[in-house]
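Below, each structure is written out as structure tokens.
The two complexes that follow have chain A in common; it is paired with chain B in the first and with chain C in the second.
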Partner chain A sequence: MATIDDADEPDGPLNRWVQRAIEDPERVYRALFYTAMVFFMVTTLFPFYWLLVLAVTPNSEIIGGGFIPEIELFGATVPFPLPVPQGFNPGAFVDVFREIPFHLYMLNSFALAVTTTIIVLVVASLAGYVFGRLEFPGRAVLMLAILAVSYFPPAAFVVPLYDVFAGNAVNIPFTDVALFQSIELLNTPGSMVLPFSALFMPLSIFILTTFYGQIPDGLEDAARVEGTTRLGALFRVIMPLSAPGVATAAVLTFISVYNEYFFSSIMATSPQAGNWSPLVGGILSYQTQYTTSFNLMAAASVVGVLPMLILVVVAQERIVSGLTSGALKE
Partner chain B sequence: MARLKLEHVTKRYEDVTAVDDMNLDIEDGEFVCLVGPSGCGKSTTMETIAGLTIPTEGKVFIGDRDVTNLPPKDRGIAMVFQNIALFPHMDVYDNISFGLRLRDYPKEEIDRRVERAADIVQLEGMLERMPDEMSGGQRQRVAIARAIVREPDVFLMDEPLANLDAKLRVHMRTELQRLHKELDTTIIYVTHDQAEAMTMSDRIAVLDTGELQQIDPPLVCYNEPTNLFVAGFIGSPSMNFLNGSVGADAIETPNFSIEFDPARVDGLAPGDDVTVGVRPEDVYPVPEADDVAHPTAAIQARSDVLEPMGDEIFAYLLLGDGETSMSQEAATDDQLLMSIEPDSDLQEEEDISVVLDRRKIHLFDDATGDAIAHGIVDVTGEGSTGTRAESDD
Partner chain C sequence: MSTETAGGERESRRSGPLIRVTRWMENLSDTTYAYLLLTPVFVLLGSIAIYPLLRTFEMSLFAQTFTGLGEFVGPGNYVDLFTGNMDRYLPGQPTFLPQSYGVQGLVTSALTMTLLFAFVSVFFETIIGMGQALILDQDFYGRRWIRAAIIIPWAVPVVIQGMMFYLMFQPSIGFLTPPLADLGLLAPTNTLNDPASATFVIIVADIWKTSAFMALLILAGLQSIDRGLYDVAKVAGASKWQQFKHITFPLILPTIAVAVLFRSVAAMRVYGIIDIVSSCTVVPSLSCMVVESFFSGFNAAAGTIAFTTAAIIGLVVMSLILWQGEEAI
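Moving on to the complex of A and B:
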């Protein structure tokens, strides 16, 4: 171990590194940064890479395993640190559309996500305006009540909602007095967009409340004097100035719905594109009673992720600033 | 262009009355300043006129229309805000044309008007800039351009110059006056800066605790304040106040008396308590007293602190024995502020005789604070103005 006395020439690489780190702490931060980066890159990118490997490997080879080849290294036989494809079958990316109409499942998810996002943004904007900018008695309690909706496990809503969406009459509990009878919504987008909107609304309301609350009153007053209504001021001034927040709420909602399976698998009574079964329903359709096309499932997963990838790259700058700060210049 | 009328406007919040029974009648093309200390209700009054706040009671008229319950956009007003409030996501052109675009004016008309407004406030060539690329003065000019471009009936300006530095403020003050001359629109201007109020306005409305104290041309407010509050608020440094009581043939203050026949003023009787007010510039050292037509008898005083301002000197005088000079409560009775010529050779700690200009002595009722008389000249029998003290409450 190096002593303080010969600090100028410490022995051993570790001691030298420590000594330099003490002199220049930036090095430590940089090292930690790269360590963390590599960790997160591996944990997020490896599953994606593994999907690619599975997708191009012919299905018959997948069960056999052996994705980690042994290689000769300096005379010793060691396992290669990354799985490699067994064979090369890019045709899987075409087969996913041949086997089933996968593009329709994607379209279903996309349409559900877009509709839900629009509904959520409009309603959450109104709510965010009210909670963020107006003073009224009971505001905190009401806000808490809305947030409480998101604390319930979604599964708790499935059975009663299914019952209603099936078109059954709804009675007042413990009586035979009919409350209302829903139209049959199963296998329609309504049965999915409605619960999605309700479930993802609280988060968006929360985000937008924070953002809208930070817009100076003067700007809204100015807009109203200039000729907008309160609603006009919300959409022309407050929303554009809260763009990072709106983008964050939109992207989070969009991704959540796009990836949703639990509700839609139940509300679509069978996993067919015509029943508005979503993306994940499509992916699982490659599994039949007798066969499971792992390669197609992997390929479909990769294809399904692409729209998300594009969306996030496009909106990235705004999401990041939205998640990290709500700060706004006046 | 239109006249503006507030009738019995009252705004109450849960436990505060921000504006109390306000009556204002502002002529077409008039420039009126609302002044008052913080929290006196001037901003609330402004918001009530703008429609950003609905009054609890009372009515607001612009022109012949009752606009009390109309939203701001339908009132024909434009407003310049204290914090400027430009839309940060729009460039100068979009900011100025915002109101016109909302009203679906044709493109050529918008261009023409924006150009003219930019011309008036000297913003040519800056229409493409974003607000955060501009200086405070430039932003303020954009805000004014945004207001004038719509050619409103009434302009509301809520401390528009408060955030500017001193030099720019004086410059913008002149520009606003020029603008008023050019546009001839009714302007309501909120400020707590007396210099702005005195120099710019046709009339000043002095507010305190939500009540209108006086609305008169600046010099009337200055020379004939209706009550103690206005007397103390208008003028800088403010008026000297001394406790006095009315005797048989004089008004007695703790340290001197002013000969005066109380019978000359209605409602003044021997034994009444009054407050005597006199402005610093109406106190004269004895050598100059010859210039004063109606001086009081000489008052003995001792100079305390001198504050040379360049164009004048403020001299704090101690009356009587001067022992209590530093205690705040006694200061009103034992201290007198005098404004003298800058070339005076008065030194600190010097005994001096001063006189007051009788024409400029104000008497206020001790109990109500209302003015009783402005000028107490009984030598010639003229000049005692009687009372202007019709109170507003």
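Moving on to the complex of A and C:
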């Protein structure tokens, strides 16, 4: 009797699970699904947790590690699967602003991002209107040109740009003829806003082209009959009607500028808030020749990433639609 | 403020040119108007992208000496770059072409390190992104929050992403270095100054940040699949795996191919994460070499590498555009 029971109902939770899984394969897929989901959640969010752990650990305790404590489990000593803070020092989040004016670096980042976003929206709107609503010879070629330019590496532009922004003459390429003397732009917002605008403009153009192209001609015609100018129709009718597209372009441009590294680190020649050095300069300032405040680096990173976390949660739909509609072309 | 008529006169005079401009604009043909509106874009792209690109090319045609730009040598610098004569202007140990074909040789050469980085990180990003996309494609409670969590790395500033991985793998604090060193994946000491280990960390960091981006692109492909196909498959008795193999995968393959190629081009521009996690003299990506040789005063060397990078990327993009044709727009 006992043997038959064993055959029908295998003992042990694993065996039972396997038995049921064979009868109903759906369960395997569901288990796989949840395992994968938990795995991705952990790998995605873990670095943030690690920053928090380091931020609240006093700096003197950080060197030497020991973040993985050994714990007693059923008599055996095993490492705890998560790092835990060594001590608790929430004051690091205050020291971040006391040590250097970190808020000024963040304000610089915001100012650069907002300025770039406004410039990009206005200029990309004009281009989006043209590509989305007008038929003219050379349309495809010009769009391809914008696409191609957007893919060139910033490193291919940086040397001559730096020279020009340092106040040197702008020469006609391949000649010694100077066109004009540039004003010095290094360490001013201009030296960053200009490259940012050029770099992130193409994505916005493609997003706005899609959205502006979908507004029915009748609406624009009606506005024109009412006496609006051509530009008025774009900015008073088409742009407001495409509000989701404009918001998408704005959010993506803002995030891109806030996250940019290349020009942000090069165009501010020293990491000082007064030189318009953005977030990049701020976070790297906690490492000086003499001391390295790992806890403040971590705390500053947590503070610096907060605006992006909020933006992703609030503007999730816009980001997803923007990336999926524009990015493949970008 | 004297009289109302004076004020009115000023008003009309001020708007005079504006009215004239408006009237002129209203009467333009569609084509002229289109080109007029595109002027700002092309002035911006022309001055920030095309002009510097031409100047970079110009710079690369002059001889590089330790004191500055020499005389015109035409394509001589490119010959030097690919024969190894340019390597002495590169900072630190790196060379342009690999000296040997072991791991160490590949990661200390600017060209192969950049290609290796792009290939390996995009490969894993595609696989992980596909997994994430398959999860986000399901309907389940809390999907919105899971999606936000998966997108978040994409929105993390490069400098903070760099900090995270620097602090995770810095051998004196990071808890990840000892176990991975035991496995032989990382150098146990001086980890981030070891070219192979630093490249490993940088690839991991890039996979962490950019998988979400691939996931969103693949998700868009998944959601454009006609759901009716799955109903048919279910009636025909296909298992989930068979549905994936015979419906999902073939239908999203074109999306993946385009996403992979464009992502690889973007990955070849890697710079920031290297600058923070390690150093440009240790992990020599092409962008790194441009910046480093420029700040050492070797403009011709910088220009040559910059234009070579642009040419490689340009060739990939051009072939893509030719392959995709009108669909790319």
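We adopt the following convention: the second predicted complex is superposed on the first by the 271 of 330 C-alpha atoms of A that agree within 3 Å, B and C clash if a C-alpha of one lies under 4 Å from a C-alpha of the other, contacts with A are read in each partner's own complex, and residues count from 1 in each chain.
Keep in mind that, in the parts below, a contact is a pair of C-beta atoms (placed from the backbone, for glycine too) under 8 Å apart; a residue touches a chain by one contact, two chains touch by 3 or more.
Here the structure is a predicted model, which is why all the values come from computation and not from measurement.
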Item to complete: Would you mind checking whether chain B and chain C clash or fit side by side on chain A after the superposition?
Response: fit
Practice prompt. Would you check which partner chain A:313 touches, where first means chain B only, second means chain C only, and both and neither mean what they say?
Written response: second
Discussion item. Which partner chains sit in contact with A:259 here, chain B, chain C, both or neither? Use first/second/both/neither.
Written reply: second
Item to complete: For A:219, select first, second, both or neither according to whether it touches chain B, chain C, the two together, or no partner.
Response: first
Discussion item. Taking the superposition on A as described, I'd like to know which of chain B and chain C A:146 touches: first, second, both or neither.
Written reply: second
Worksheet entry | When both partners are placed on the shared chain, which of chain B and chain C touches more of chain A | C
Practice prompt. Return first, second, both or neither, reflecting whether A:237 touches chain B, chain C, both chains, or no partner chain.
Written response: first
Discussion item. Just to be sure I read the superposition right, which of the two partners does A:228 touch: chain B = first, chain C = second, or both, or neither?
Written reply: first
Item to complete: Between chain B and chain C, report the minimum C-alpha distance in the superposition, expressed in whole angstrom.
Response: 6
Worksheet item: For chain A, which residues lie in the overlap of the chain B contacts and the chain C contacts?
Response: 229, 329-330
Worksheet item: What residues on chain C touch chain A, complex-wise?
Response: 22, 25-26, 30-31, 33-35, 37-38, 40-42, 44-45, 47-59, 128, 131-132, 134-135, 138, 144, 146-153, 155-161, 163-165, 167-168, 170, 172-175, 208, 212-213, 216-217, 219-220, 239-240, 255, 258-259, 262, 265-266, 268-269, 271-273, 275-276, 286-287, 290-291, 294, 299, 302-303, 305-307, 309-310, 313-314, 317-318, 321, 326, 328-329
Worksheet entry | Interface residues, chain A side, partner chain B - complex | 216, 218-219, 221-229, 232, 237, 240-241, 329-330
Response to the item:
Counting only contacts in the complex, chain B reaches chain A at residues 47, 50-52, 71-73, 77-79, 81-89, 98-99, 102-103, 132, 146, 150, 156
Worksheet item: In their complex, what parts of chain A are in touch with chain C?
Response: 25-26, 29, 33, 36-37, 40-41, 43-45, 47-48, 50-51, 54, 62-65, 67-68, 83, 123-124, 126-127, 129-130, 134-137, 139-140, 142-144, 146-149, 151-164, 170-171, 173-174, 194-195, 197-199, 201, 205, 229-231, 255, 258-262, 265-266, 279-280, 283-284, 294, 297-298, 301, 304-305, 308-309, 311-313, 316, 319-320, 323-325, 327-330
